[in-house]
Amino acid sequence: MKSDTLIIAGRSYSSRLIVGTGKYPNPDIMRRAIEASGAAMVTVAVRRVDLSRRGGDAILDAIDPKTVTLLPNTAGCYNAEDAIRTARLAREAGLSDLIKLEVIGDEKTLFPDTEGLLQATRVLVKEGFVVLPYTNDDLVVARRLRDAGAAAVMPLAAPIGSGLGVQNPATLRLILEEIRDIPVIVDAGVGTASDAAVVMEMGADGVLMNTGIAGASDPVKMARAMRLAIEAGRLAYEAGRIPRKPYATASSPIDGSIRRE
Amino acid sequence: MTVFLNGQEREAPDGVTVLGLLETMDVRPGRVAVEVNGAVVRRADYPRRGLADRDRVEVVHFVGGG
Amino acid sequence: MKSDTLIIAGRSYSSRLIVGTGKYPNPDIMRRAIEASGAAMVTVAVRRVDLSRRGGDAILDAIDPKTVTLLPNTAGCYNAEDAIRTARLAREAGLSDLIKLEVIGDEKTLFPDTEGLLQATRVLVKEGFVVLPYTNDDLVVARRLRDAGAAAVMPLAAPIGSGLGVQNPATLRLILEEIRDIPVIVDAGVGTASDAAVVMEMGADGVLMNTGIAGASDPVKMARAMRLAIEAGRLAYEAGRIPRKPYATASSPIDGSIRRE
Amino acid sequence: MTVFLNGQEREAPDGVTVLGLLETMDVRPGRVAVEVNGAVVRRADYPRRGLADRDRVEVVHFVGGG
Amino acid sequence: MKSDTLIIAGRSYSSRLIVGTGKYPNPDIMRRAIEASGAAMVTVAVRRVDLSRRGGDAILDAIDPKTVTLLPNTAGCYNAEDAIRTARLAREAGLSDLIKLEVIGDEKTLFPDTEGLLQATRVLVKEGFVVLPYTNDDLVVARRLRDAGAAAVMPLAAPIGSGLGVQNPATLRLILEEIRDIPVIVDAGVGTASDAAVVMEMGADGVLMNTGIAGASDPVKMARAMRLAIEAGRLAYEAGRIPRKPYATASSPIDGSIRRE
Amino acid sequence: MKSDTLIIAGRSYSSRLIVGTGKYPNPDIMRRAIEASGAAMVTVAVRRVDLSRRGGDAILDAIDPKTVTLLPNTAGCYNAEDAIRTARLAREAGLSDLIKLEVIGDEKTLFPDTEGLLQATRVLVKEGFVVLPYTNDDLVVARRLRDAGAAAVMPLAAPIGSGLGVQNPATLRLILEEIRDIPVIVDAGVGTASDAAVVMEMGADGVLMNTGIAGASDPVKMARAMRLAIEAGRLAYEAGRIPRKPYATASSPIDGSIRRE
Amino acid sequence: MTVFLNGQEREAPDGVTVLGLLETMDVRPGRVAVEVNGAVVRRADYPRRGLADRDRVEVVHFVGGG
Amino acid sequence: MTVFLNGQEREAPDGVTVLGLLETMDVRPGRVAVEVNGAVVRRADYPRRGLADRDRVEVVHFVGGG
């Protein structure tokens, strides 16, 4: 069904929801939550193998890359160079050119360093990566990322893990109006189902989230809630909502009711 | 000789290859990526890429993340 | 599934969504929208038979009272007396004691006259009606309706047909905290899917809407959106959302990332 | 005689019953409710409830509403 | 200056700010805060004389009823009868027919019992009181209070002492549109200066507050802030603000700037 | 009085309000509005002399640079180079090294191009300018501007001329927390007095506005409103507001009221 | 005799007036209001309004409030 | 010779100075700033800074702006 299809760099994914794999209570809950979410793409981080703990390839034991597409990220990189190195390693470790590009500019908020992000995007696009940059809600930066060849732009709704929902609908709306040739995927800050629905109703092409699901009291149930919310939001966007009015409009007929004379 | 493996100093046999190093670590080569002195080593090259003294080697893999 | 069950006066309904039957483009779209909504209860208005147009029992041709429960309303009544008369007629015309009680106090906003509402509730409860009063977000009134024997309280989110969504989450939350023995069903003002999800996430037992669906560009699609949104909101409520935080929390591991030395 | 049917003045045969009146209106009794002078008439009583001159009769049914 | 004049029951007061006298750290701070607020009217409560503590007429030692008008309240009354008795005692203890009428319906929120409020208003207006009822944001109730002869209506912005500011601008705006022949004074819930300005910009005739000033870290400074904010809000209301626009409009000339060729 | 003093690059200004000089109905209203605003600094644009209209030095006829400090801007510049040239010309035309630096990145929103802004800031600081950059609400950019030697950072509240007020309080608050050694002056988007008060209550050091005053129905009255609002907001910030609470707290004593027995 | 003064039982001289009662309480009559058995007593009547056994007397004044 | 003054082509006497050009424009030198070929000319230099054929001259001043 068209409402559910997300196309990135010419490839179709059967869900508009991308989920992270961090911070779950245990691998089993993660696996069941991913399944309940219906996600076709999941993010993973790139980290040094822990030499003291032999084995421990937990993430690929829990997730079958044949059923979901892996989207490696460059989380934890604070400059373009580290992000580029991490992207190259991710490509070697994985199976595709997909990279969720993060160049972080601030430890407390994890807000992107947009200068570094643009720089890294330009390098990685030239190297053939399918770059999905995590950015802020700056329209000018979004346009430059697009012009630099990003395969999508992924503005934040709110700080990573904050659960605050869309903090500035006006700027997000401007990006959605402007960026029409590649997907706009809202990445970070979604705390609950309605936050996801709001984003989809604004016309976003998809939502990426991790903590909102993994940190819920019942991650599997929340994963299902998110899946339904994203479908609901997309359908509402397509269905064309009623205009907002300051006064009431009766839904029952005005005439013919019983009145004392 | 000495290599810096994931930031830690380690003894390694002279002329060891990337594959050889991974084997001493009990790491399955199919699920990691390797960088030597800042440059990625393609998986096909692990058996023949020899390491030199004081090389900086990074061995990474995928973990849960968002 | 428990998440979807709404219990009113001891009887279970298979959906938390109640929909109106007014203002659809045509009966066929209405029928399909109701089906897509999954609603188990639909509202109808009570009006004088139009003597000039013979026949015309359209609503009961389009809706089969065996598959959905009819909930007659007293829309258009501006005092307790008219509402009481209308309720009695509705019971005679219909098949049950259910009544959606409206006593309107203002033509422009269709806000309830809570004095008249309380008065009519007291009378109708004594006559054996299952009274579902449309009220505002006044906690004191909600408690009195409950104490008067109402089978649910149905506070508005915003003016009828306005599509504004919950205008005062704080007062609605107070009602949800206080009224725990009978359902709280949010009635009126829901404009789009996320509005419905928000209400359910606050812990509402159900949502009643009409214009939000009937007035959408594609009512059938919006009906499905609302159904999913209500399920999503309820699941999110049950799943226990993450707390809101002013700063970020990383979803990928802090340690082990690649950094220049 | 004259009755006020849904607010409109109408001629009706002397002593007509509620059922009789509905029949002259082509209304199916099963789907309406009737009030005479402000009091509901039960459906079972339609055949025997006679109307008097100047009675106010309301005949209502369900229509689409929210 | 006209912007600063509040007229109640035909009498002019030189400030649109009415302040309470409860909860100050000490009488001296209260006196200085009232002075800094510029208020021409202050509220007082009616309480039993404490027989164990001789003397203790503190409030009238600190406030000179010749310089500010006393507005006794019926705070603490949970039914019309208590409020009526308290109003009668207040008239006897004081110097005027002014009464700030409170009939409380809930201990946790201190929301008004609007049924009891209407009842008490009707009785006290007949006895010649100048009734200023503390009410909620229910338009229908506001109109009935006006029709019952209230000298003003005093809807809350938010719960007493909560400092939340206007919780539902839409309903407050409806009251301000409707009630034009007597003053609308927003009573309760103002937490800081901008909250007061917002209310005045919406067209309120005045603001009544207590905790927002008395509970601030520096009550005297906050009193001055509130005075200025109320003047600012009123002036902005009279000055006619610019319309809100979704996009930018340059404030410097478009043409004639220096550009590379 | 300390509350009113704004210090930029070691120099004190007697008002926290900076006003623009564009878009007034006529020079006389502008002059009176500036006076009513109490501003000690006013912005001007740099534009080509209109060779067809001889004379026409209107702005310096209306404003006496001895009584208010002129702050030239680089409005209309869409890249660092144009902004730098304009700044140099402004210094030659004027009397000081002050420059309000704008590098615009989008015509519809007039949002800044933060890459170009950083670049121009670095150049102009080296040339001895006192750079006041108009920026967005990006914390990472704000910190870099500070580190580049900007004399203040001037984040927008909303698009220039939009009158929307602070669109993202969370991000503005983060900037105010982080940038403590130079002033944070909110520039653009303030529509009415309460918008200005809100910004000052958050701890901003000043506000720069133009359209909010010049475009009001009565600019002189609105100028006065803005002056008072900024004082009120600053005083409230210093006075320490009460905490927000979800429930009520009585302002009159709990005990000793009259109750029926 | 006994009166209930602000809810507390108190002994008072037989036939004491409101004014007399206030004086025993050290209360300045000018700043209080008095209710006897639910009805307000006007200030001018304090000297002549006598109290009876078991009367309920309320003496109130203004305190700080919002 | 020809100069480009504020983007418009103009005839000017050979060897005219900035000051001379401003005078032909009736512009008071004290309130403008001048750029020749992208570089600012200091006010003190107006009398001696000569212009050449096809020079691009910008003459700007302050106008109302925000």
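Things worth noting here:
Think of it as A, B, C, D, E, F, G and H in the order they're written, each chain with its own count starting at 1.
In this text, contacts are C-beta pairs under 8 Å (C-beta built on N, C-alpha and C of every residue); 3 or more make two chains touch, one makes a residue touch a chain.
Given the structure is predicted, the values throughout are model-derived calculations rather than measurements.
Common neighbours of chain F and chain G, listed by label, are E.
Counted as hops between touching chains, the shortest connection from chain D to chain F is 2.
Taking the mean of C-alpha positions as each chain's centre, the chain lying farthest from the centre of chain A is G. Averaged C-alpha coordinates put the centre of chain A at 55 Å from the centre of chain H. Chain H has its Cα centroid 93 Å from the Cα centroid of chain G. Rounded to a whole number, the gap between the C-alpha centres of chain D and chain G is 67 angstrom.
Within chain D, the positions touching two or more other chains are listed as 6, 35, 58, 60, 63-66.
Contact with two or more other chains is made by residues 20, 22-23, 45-48, 73, 75, 85, 89, 108-109, 111, 160, 164, 170, 210-211, 214, 246, 250-253, 256, 258 of chain F. Within the complex formed with chain C, the residues of chain A that make contact are 20, 22-23, 45-48, 50, 73, 75-79, 81-82, 85-86, 89, 108-111, 159-164, 191-194, 197-198, 201, 210-212, 214-219, 221-222, 224-229, 231-233, 235-236, 238-260. Across the complex, chain G meets chain E through its residues 5-8, 25-28, 31-35, 38, 40-43, 58-66. Across the complex, chain H meets chain E through its residues 35, 58, 60, 63-66. Partner chain D is touched in their complex by these residues of chain C: 20-24, 30, 43-49, 51, 54-55, 57-60, 70, 72-73, 75, 85-86, 88-94, 160-161, 208-211, 214.
Touching chain G in their complex are the following residues of chain F: 250-253, 256, 258.
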